[in-house]
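Written out below as structure tokens is the structure these notes cover.
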Amino acid sequence: MTNIELDPRIIAIRESLKDIGNTIVIMSSKGGVGKTLISSLMALSLSLKGSSVGLLDLDITNPSCHLVLGINISSIKPIEEKGIIPPIIHGIKFLSIVFYSEDKPLSLRGSEIDYAIKELLAITRWGKTSYLIVDSPPGISDEALDILSYLIDPRIILVTTPSPLSIKSIERMIVFLKDSGEKIIGLIENMANKPTNPINKICRDYNIQYLGNIPFDKYIDNCIGDINCIKTTLFYRSIEGIINKIT
Amino acid sequence: MTNIELDPRIIAIRESLKDIGNTIVIMSSKGGVGKTLISSLMALSLSLKGSSVGLLDLDITNPSCHLVLGINISSIKPIEEKGIIPPIIHGIKFLSIVFYSEDKPLSLRGSEIDYAIKELLAITRWGKTSYLIVDSPPGISDEALDILSYLIDPRIILVTTPSPLSIKSIERMIVFLKDSGEKIIGLIENMANKPTNPINKICRDYNIQYLGNIPFDKYIDNCIGDINCIKTTLFYRSIEGIINKIT
Amino acid sequence: MHEWALADAVARYVLELLKENNASRLERIIIRLGVLQSIDKEVFMFSLRELFRQYNIEYSDEAIVLIDEEALFRCRRCGYTWSLNDLEVDEAVREAIHFIPEVVHSYFTCPRCGSRDFEVVKGRGLTIGEVVVK
Amino acid sequence: MHEWALADAVARYVLELLKENNASRLERIIIRLGVLQSIDKEVFMFSLRELFRQYNIEYSDEAIVLIDEEALFRCRRCGYTWSLNDLEVDEAVREAIHFIPEVVHSYFTCPRCGSRDFEVVKGRGLTIGEVVVK
């Protein structure tokens, strides 16, 4: 064991995550491809199907899962008891730094992001949880590196759109993940009315499962913040289909 | 003068940027709102109108301006001469870390991003340049903080879409920028067929100029990498309109 | 109160150190408590002793040394330095910061230039200064 | 060759130091040259002397001390440590790295676990060790 790993918080993190069954991380180095919508709706769908599920928003400088699920962060807070216990909202154990940053701007240097993530992970008591869904920011920097280092056996779902700009970006991320032997569950193609050739080709080239496409859904924006509305959308039905495939 | 500022590279940066007329930074803490398309096309439009213009891609871990402009990074390189001289492509002095990372994945911790940006800025010889357009990544971390610290008198163009998730994000960014007295040129509303009420309201509330909307353009993705195709798009015409407003 | 969680992290850390060094007794541990985490020293000390007992960690009463650390900030933009005492901090904000000290960047800006690009030079939270095991 | 640019940064830095300290002469400057920047020592020394001359910086011949620094990497995932000599680096890659040393993260992964999450412990590039002005 090296000195790096002897940060007391790293030891605490191992302990606090030990009763989590599956850790599923939603990733893409491109922004705006739907990571936050997908992670929030996956957590919702798993919860409605009766699983015990946690949702952890690790987009530290731009958290937004609470907006998708319509969580009022000023009235609901984690309980402080030998650490912090995430509030349960729509059946989901939800944790985000917005409980503490209050939707104010939070600009942090990378090393500060690393510190904040370590602290969040170390003091949170998830308890027995079948699925922990983790939302992540774009880019490949401290958040992504921390997720791969500190979480226990993270399994990754990649998200891309068929846009040429997203494609290059997802290829770079795949190489990055494969090099260090990360486990990739598969890839979701978002904002595509049907599976496209370039994305199918990437899945074949890199031997990654194509988990499904999510059509462009012009109603989704109107439903943000209202889960009853969300549940009626095509987007949500697509997520349910994908959940059935991977559970 | 404090010790922080006495990094030799900081002094070199001041020198290397001194002949730049206007530094315009395209920013938003939300990803996928169109920052890269907008910055690349702005540089192109300014260049075609006869201005001397530079384009600097500071999305270090996910650079993509070269993809928009169809720049072949393996055949074209900066020239090394008492520093590096950005190649001129479509009349644009273009600089991106991809010239050195070669479109491979580049995962960097925040402190490494800070180092890379300092190095890039310190050794580049822009020469006399009327406009330097700077593309930036989402989030509010080292790249954004470095841009505001190291560039000389940066003036900011904000980008958002009308989506509720982008709106919260742009509000946080505006507060962040206003607190430290940054100069905001104005805001572009992307993927909106006409100006929307919520974005107009933000502009009024924070006293920011509404620079214009860019309609959803379903042809833009097909033109990525081909500037002749790009020049025929509605997206490009919208950018020309905005350029006329701010120059 | 999350003193328990912080104490548990320290106790498990000592446990691993003892194992690694084939040691049986904690001779000394210096723990700095940065003021941003607002750690209640008595509660923390009580939790730590209780956890040492649970984990069968042998130690003498004088082994545990707690040191307070003031908070100091420095602006990366303009170089200005200030301390927490220079600021008015209301209770709700102090509460938020005590969980995740990094959120100071949401509530404060540099008193001189308004930038949020400042560093917490010291006083962030719990750090371990020195440990001796035998 | 961008030795000139690096030397110019150092020369301007010395100039500011002299001004700040109301000093007139550079007594000593220790410059460490990390191997990743592949700085040609002769070209660098030549450029530095030329620039000192241009900026009217007075100094004695022994004032400038250049020290080579080997590159050392450490994996943040598994703790493994290695040096540049353990790697085969082709010319084009060395060329890319010498401009922006951080792009090592594009070309190399940890030899033990494959992670790109490693740090450059030393040997990154030019750093100033000590300066004395009078």
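Each chain carries a letter (A, B, C and D) given by its place in the written order, and its residues are counted from 1.
To be clear about the criterion, contacts are C-beta pairs under 8 Å (C-beta built on N, C-alpha and C of every residue); 3 or more make two chains touch, one makes a residue touch a chain.
Quantities reported herein were computed from a predicted structural model and do not represent experimental measurements.
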Identity of the chain that, by mean CA position, is farthest from chain D: A
Whole-Å separation of chain centres (CA-atom averages), chain A against chain B: 27
Cα-centroid distance, chain B relative to chain C, in whole angstrom: 40
Chain D, residues touching no fewer than two other chains: 116-117
Interface hub residues of chain B, defined as touching at least two other chains: 1, 104-109, 112-113, 145, 176, 179
Chains that touch, pairwise: A-B, A-C, A-D, B-C, B-D
Contact set on chain A toward chain C in their complex: 1, 6, 8-9, 11-12, 15, 80-84, 97, 99-102, 104-109, 112-113, 115-116, 119-120, 122-123, 125
Chain A partner contacts - residues on chain D that touch it in the complex: 76-77, 79, 109-110, 113-117
Contact footprint of chain A on chain B as seen in their complex: 29-33, 36-37, 59, 61-62, 64, 67-68, 103-114, 137-142, 144-145, 162-165, 168-169, 172-173, 175-176, 179, 221, 224-225
Of chain D, residues touching chain B in the complex: 1-2, 4-6, 8-10, 12-13, 16-17, 20, 96-97, 99-103, 105-107, 116-117, 119-120, 124-126, 128
Contact set on chain B toward chain C in their complex: 1-5, 145, 148-149, 176, 179-181
